[in-house]
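Written below as structure tokens is the structure these notes are about.
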Amino acid sequence: MATDAQQACFEAGIKFGALYHQFAGTPVSPASAPSLETAIEESIENQPFCEAVTVDIHTERLDTDHGYTELTGEYMDVELVVDYEDREVVAAMTMQDGYPLMELASVE
Amino acid sequence: MATDAQQACFEAGIKFGALYHQFAGTPVSPASAPSLETAIEESIENQPFCEAVTVDIHTERLDTDHGYTELTGEYMDVELVVDYEDREVVAAMTMQDGYPLMELASVE
Amino acid sequence: MATDAQQACFEAGIKFGALYHQFAGTPVSPASAPSLETAIEESIENQPFCEAVTVDIHTERLDTDHGYTELTGEYMDVELVVDYEDREVVAAMTMQDGYPLMELASVE
Amino acid sequence: MATDAQQACFEAGIKFGALYHQFAGTPVSPASAPSLETAIEESIENQPFCEAVTVDIHTERLDTDHGYTELTGEYMDVELVVDYEDREVVAAMTMQDGYPLMELASVE
């Protein structure tokens, strides 16, 4: 059987995979980034055990030559908090070496 | 060669297919529906020739047994306006016989 | 009312938008590209009025530093054929100036 | 710091969330289900630490009234194996009470 801490980590992973693959490819511009940040946060917070999601789209990195860019990990930082049976997991996604790395920040 | 009106219809179709397949599957609840409506509208309006997008999520139809529902055509009406070289196309998506039907409403 | 040719163009657009936003972001490598090409073709060919879809993933352009790449328009060419009430539309997606351009190739 | 077993559970969760939200909404019919199963398996197996993915689409449940159905958790079972620093996690998704439940099957 998995421990509660392992379950909490599994749940945190689900939220990250869901968030990324649901919203990657969404057309985004500096003007529309705020509404997309809010929608991503609120939609993923609906999922079980998800306490909080914070999405920060780096509007200054968005290509504006064609008016908009397709959202990828390159353009956003994400932090989320999962609470499962009193175990709290914080996980974060940031760019490392050109790859959007999802990592466990803390398991408590 | 395609006419301007045909191009406008093609562009309207692209927006509908994009909107539907980008956002279908997004977790949504009555509380998070407004931010998702806004984000869908503003993201698709970024696309070329897209003048306006209106998304109406039917929160009263959302299953709240599990706290949220995955967005599908069953839960939203969409209308969009495309303007291509002075030809304006209005297109709409509504449920018909259990299937989310995308239709041209007018080509002017 | 829209003409049959305009309807055909609208349907072609829907298929393109659907194809792109359903599959953009999919992890792909040179080894997995063939199965993804086939799945994209066969899934979109399910849609109404869609006669044929051809997807060509440029495996030589895929970054293999991290073992795989997320699929974007940069890595694939697509051609599709729609048949609506005896009007045939051929449409294609290719990269132009760093942007995946979807175009009507012929309306007959 | 997270343990290797917790990391393995996190990675398994990421794969599940990615798989589900990348492919939910894909048009699927009994005829196209096999190519989609293969593409899902091979695409997710590209991700780090992912040893094996098995997708079983229940073609007998697919609605064929409109020729195809949009893929959701209702129509597929998934099992995947993650290997992280010699810790092996097996996770599965099955329908329970109308909800696609993702669960840890074993952590070793």
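By written order: A, B, C and D. Residues from 1 in each chain.
In this section, a contact is a pair of C-beta atoms (placed from the backbone, for glycine too) under 8 Å apart; a residue touches a chain by one contact, two chains touch by 3 or more.
The structure presented is a predicted model; accordingly, all values stated were derived computationally and were not measured.
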Problem - Same-site or different-site touching of subunit B by its copy subunit C, using the half cut - result: same
Handout entry: Chain pair, B-D or C-D, that carries the greater number of C-beta contacts
Key = C-D
Practice task
Please work out the Cα centroid separation of subunit C and subunit D, and write it as a whole number of Å.
Solution key: 24
Problem - Chain centre separation (subunit B, subunit C; CA means) in Å - result: 20
Handout entry: Centre-to-centre distance between subunit D and subunit B (centres being mean Cα positions), rounded to whole Å
Key = 28
Practice task
For subunit A, jot down the residues that touch at least 2 other chains.
Solution key: 18, 20-22, 25
Exercise for the section: State the interface residues of subunit A toward subunit D in the complex, per the touch definition above. Expected result: 2-3, 5-7, 9-22, 89, 91, 102, 104, 107
Completion exercise
subunit A residues touching subunit C in their complex are 20-21, 24-25, 65-66, 70, 72, 98-99
Completion exercise
Seen from subunit C, its contact residues with subunit D in the complex are 18, 22, 25-29, 31-32, 35-36, 38-40, 42-48, 67-68
